[in-house]
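All remarks here apply to the structure that follows.
Letters are used for the chains, namely A, B, C and D, taken in the order the chains are written, and counting of residues starts over at 1 for each.
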Amino acid sequence: MVEPLAVGIVGAGYWGRNLIRNFSTSPDWQLAWVCDKDQKLAASRVEAMPAVRVTGEFSEVLSDETVDAVAIATPVGTHYELAMAALTAGKHVLVEKPLVATLAEGERLVAFAAEHDLRLMTDHTFCYTAAVRYIANMVDSGELGTFHYLDSVRINLGLVQPDVDVFWDLAPHDLSILDFILPDDIEAVSVSATGADPLGIGKATLGYLSIGLSTGAIANVHVNWMSPVKVRHTIVAGSKKMIVWDDNNPSQRVSVYDVGITTQNDAESRLRRLVGYRTGDMVAPALADTEALSLMVGEFAAAITEHRDPLTSGADGLAVLRILDAARRSLAQGGGPVAVGATT
Amino acid sequence: MVEPLAVGIVGAGYWGRNLIRNFSTSPDWQLAWVCDKDQKLAASRVEAMPAVRVTGEFSEVLSDETVDAVAIATPVGTHYELAMAALTAGKHVLVEKPLVATLAEGERLVAFAAEHDLRLMTDHTFCYTAAVRYIANMVDSGELGTFHYLDSVRINLGLVQPDVDVFWDLAPHDLSILDFILPDDIEAVSVSATGADPLGIGKATLGYLSIGLSTGAIANVHVNWMSPVKVRHTIVAGSKKMIVWDDNNPSQRVSVYDVGITTQNDAESRLRRLVGYRTGDMVAPALADTEALSLMVGEFAAAITEHRDPLTSGADGLAVLRILDAARRSLAQGGGPVAVGATT
Amino acid sequence: MVEPLAVGIVGAGYWGRNLIRNFSTSPDWQLAWVCDKDQKLAASRVEAMPAVRVTGEFSEVLSDETVDAVAIATPVGTHYELAMAALTAGKHVLVEKPLVATLAEGERLVAFAAEHDLRLMTDHTFCYTAAVRYIANMVDSGELGTFHYLDSVRINLGLVQPDVDVFWDLAPHDLSILDFILPDDIEAVSVSATGADPLGIGKATLGYLSIGLSTGAIANVHVNWMSPVKVRHTIVAGSKKMIVWDDNNPSQRVSVYDVGITTQNDAESRLRRLVGYRTGDMVAPALADTEALSLMVGEFAAAITEHRDPLTSGADGLAVLRILDAARRSLAQGGGPVAVGATT
Amino acid sequence: MVEPLAVGIVGAGYWGRNLIRNFSTSPDWQLAWVCDKDQKLAASRVEAMPAVRVTGEFSEVLSDETVDAVAIATPVGTHYELAMAALTAGKHVLVEKPLVATLAEGERLVAFAAEHDLRLMTDHTFCYTAAVRYIANMVDSGELGTFHYLDSVRINLGLVQPDVDVFWDLAPHDLSILDFILPDDIEAVSVSATGADPLGIGKATLGYLSIGLSTGAIANVHVNWMSPVKVRHTIVAGSKKMIVWDDNNPSQRVSVYDVGITTQNDAESRLRRLVGYRTGDMVAPALADTEALSLMVGEFAAAITEHRDPLTSGADGLAVLRILDAARRSLAQGGGPVAVGATT
């Protein structure tokens, strides 16, 4: 077995706690530091781990030469500064989603990491769930057929974040999943975003993203902090199979519907075919219950050790930011389609 | 009991059959004619009713002076001509949704009916279901509080209509419901529409409407002919209550969630409130099982007898057309927000 | 095409109406008579069918020599007399479940039909649904493996029958299904029945049957007129597959769970295996939507034409009666196990 | 704040770990000892709690005079000896369900604790859930009306216990809930049990209990280790309300159905009433999310401090044992009704 890598975690809040649990129990990692302005909070998280040092000063972590990597779980507004400082100190960096608060920052960060040959990883946790890996595999292997559309609903009550709107809080999940499963030759080209702020708190608390893809396919996301019911329901539809992922149904998270095979290909017979559409058998695959975060932490170590990009790299974080940024511009101009692209 | 009114039905297809069943069993109506180009089909629908005359010529129905009203259940492209002919012949008219194929036609039709003091009714069947009437009543009575948003998902597989796209086929249901329940002082002001045609049949087979309302509230509709699962799920959310209408769950179609009462009103405490949002008790009211279409047919008779607008008038059909028309324009320009308004 | 057979239906109530609809639209049958004491009711059912004769006297039907068969949909207390009269008149007979009111009557009826070489069929409708045929086929083909147990829950509110208790009203469905799917070499040997009459109306309104099978396997049935929720949930479990049939879930009625293949066979390793039990993939087969009653009516004609026992014969009706009779005796003695057998 | 009580936990397995977590974080308790034959396991559970002593010898715990109470989470076959030893040493005792392995042992234990004025508590965890407390309160307050029946289904796959059968493993949950919610003037008088052992491992792996109550009401329990689906569904029905508790549905665990109010009371009108039964509105109360085990641990402390019986006392454990014992006798004699009573 190889020597475990040493990691310092900054941010001991809700997500930081999850990271602490997973890094501290991973055979690939030795948790060296937990850093939080609220040192008491940080200390309480690691009471049972006398070997872990606690600090309120991030610089202390960075100046520890034995530290290989830093994991950042602080409010998004602080990500850029902390991540850049860590990269500058020669550390590999894992950042909670969304990567940073602006597209420009994201591009600088990714470029800097590349230049200095350091791993920059985005914590797109859902990409490590058995459900998303299963779906991605169906797309990759061709079993899904031509990609038709993705529709994702992620709505709930009361999980408001004070520093971001509902798009920046919830949509990174759906967008990272979209980025993860979409074939390499399909790109998001435009975004139309609409939202509402019925409480008058100065930012959208529910909203919709409609993303045009380069093939004419479409991806739509509904995020909502003000829904009376919790829904986590995603459809990924292709020409051969259609997948429903219902994350609220632990006994049947993924259902794969057969939509039959068709041979003729003119528009008229495609229309007739649709009229006659029937789903065939449905298969709900048995999926492993491994915690996604533990796989993510293992992938971070593997990427460092194997000197390669992690499965959810900084570039993937950037892909998500590009759409969020386009969504922000679309919202600002009242909802029109906005090109997904470089900084503007 | 008053003398029943005499009605002629034109169109003996799927919906025509439903109309025949409901008009023929209504105490308010005497079914006098069934008209269809396919006279055999028309005849087969009324085998058991020797008193009902069958014809392939609509003019025969119109020239029958005993006929009070005409019900139109033909493809939408023929609605305008048939309805105008019937109004011209002095008949009251009921039209299957959507009212007509263009906004301009709709406006002429509504104006003509008004001028000639004839009832023009749109068959917005869902507005006569116990669920929609319950929801409308909660909005009207103030129990819902301030209207926050409507989100409606109406997706299924394989029910493609050859003559219209998915918006014109399915969205009239959601838009007529929106029109029906929305308080009079709230108006639809803009529509952003996005859609996709993954089969390449020349029209959208799935799509999204995002409707901006005059208060800043929002209504969103997802319609889809290519979903592996059937979903009929509508959320109507207000400041006091949030309603979930799940039309696929016959044992609990309507669920009303209490969202608590709040007193402070600055943005900061509204934000804190949202963070602390919890639903209280939920109530699923017992709803009657009366067939909506039978109530609709009764309302048509009542409107004629009482010389008043029906609950779902031509003007309501027009309100739906205005949004569909804006959606068409939005789609044509790639998805931007388009003003809901008069013909353009 | 062969000449259709002529049938007379006696009983024009709820079930009679269903029979009228299915016999009158079947290519195999010509509906000749409808008979009911309430002649007006009978007449109203066939208004649209001038060729069908209506009578209040069953003897009129029996004395019509063109009538091949009789279908009985009257209260169970009258089944024996009517069926016996029909068989005596040389007619083939279909009887609504349960076959008759006592086991002794059932045995006489089956014997009499056999002696006179006439078809006696029990209307076990559920055996003609796609779901039950699918399950029976999995048992027959060996795919299910060794039969382990059946558990069936059929509960609802307010569908009380005045003439029978809840066992005789609802359990025939489950028992006929059990009889239908059980391999020929497995028999019901004992029944324990418990029930309750919380309203004090003199008969059980909810109850449980626990049926011991000859292999040591078990079948359990919960029937209930006083449940706030409607449940139609049956598990059929074998050593290789376990099937869940949820008749309230039209989009996924049948779910087949893989329980893995095991090779060792001593008790210890079977125990360890159970501890480690995991279901594999689940398959929900696409099932046809054909109305069961229409298949049943066709099978009745085929059995007559092909001069063979129908799929759900009088003997099958008798098998159900044997269990109901044992249940009645078990209830009478407070719930103990009672042997399923001949009349006592 | 009062001084916390000192507790020693014996058994560091699955349930012991839950007890360790709850005792160690309770303000009412100081966790002093964890005892397990497997000392390494015991030590691993409390790595982070240097103040907790670990031992393989239960006598060490008992001889510690500072220890007020002992919590037992070992296999049921060892409960009696351990609990008796602890009581003899003057400790208060909490025992995981089922209390002990035989009714005779249970009676001796309860008598001994009473004689020596020590608290003996059974860990009937479900009685501390918000759902069960809500139901119990509806029964107590009279809101439910007359108790009609309880039906409980607790089925799953693969959670086999090596030392007990499915009745002793799962049914204590349902029986303790029954004991908890049943009004004091209603008693279990008889039990009919049937079960099956399709794997041939020498004990029932699925089975049914039908419990006759002193009022003629009934309680039925289905427990099953071999179900492909997980069901935790309990109906508690009364003359005024019917409650469905679906523990698998976290967003709507408890649903309360109104069954209307009736005034006439002869059997005939009760029958007619049932025919016309309709549920009225349904209410799903908002329930707190407090962990049941933490409330249970608090109740143990309160019972000691306040010198009173705990809510789920040894006597309640005995009530459950009486039914389990009757079930064992019923099973042994093939399923007949057996009187619930004292040891035989």
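Before moving on, here are some points about what is shown:
We take it that a contact is a pair of C-beta atoms (placed from the backbone, for glycine too) under 8 Å apart; a residue touches a chain by one contact, two chains touch by 3 or more.
Just so it is clear, the structure is predicted and the values come from calculations on it, not from any experiment.
Identification of common neighbours of chain B and chain C yields A, D. When you average the Cα atoms of each chain and compare centres, the chain farthest from chain D turns out to be B. The greater number of contacting C-beta pairs, out of the two interfaces C-D and B-D, is seen for C-D. Here the spacing of chain C and chain D, counted between their Cα centres, is 39 Å.
Note: centroid distance chain B to chain D, computed from Cα atoms, is 53 Å. Residues of chain B in contact with at least two other chains: 229, 255, 278-279, 282. Chain C makes touch with chain B in their complex at residues 47-49, 229-230, 251. Those residues of chain B lying in contact with chain D across their complex are 252, 255, 258, 278-286. On the side of chain C, the complex with chain D involves touching residues 146, 148-149, 151, 153, 157-158, 160, 162, 190, 192, 194-202, 205-206, 208, 210, 212, 216-218, 220, 222, 224-229, 235, 237, 239, 242-244, 255, 257, 259, 267, 270-271, 273-279, 282, 334-337.
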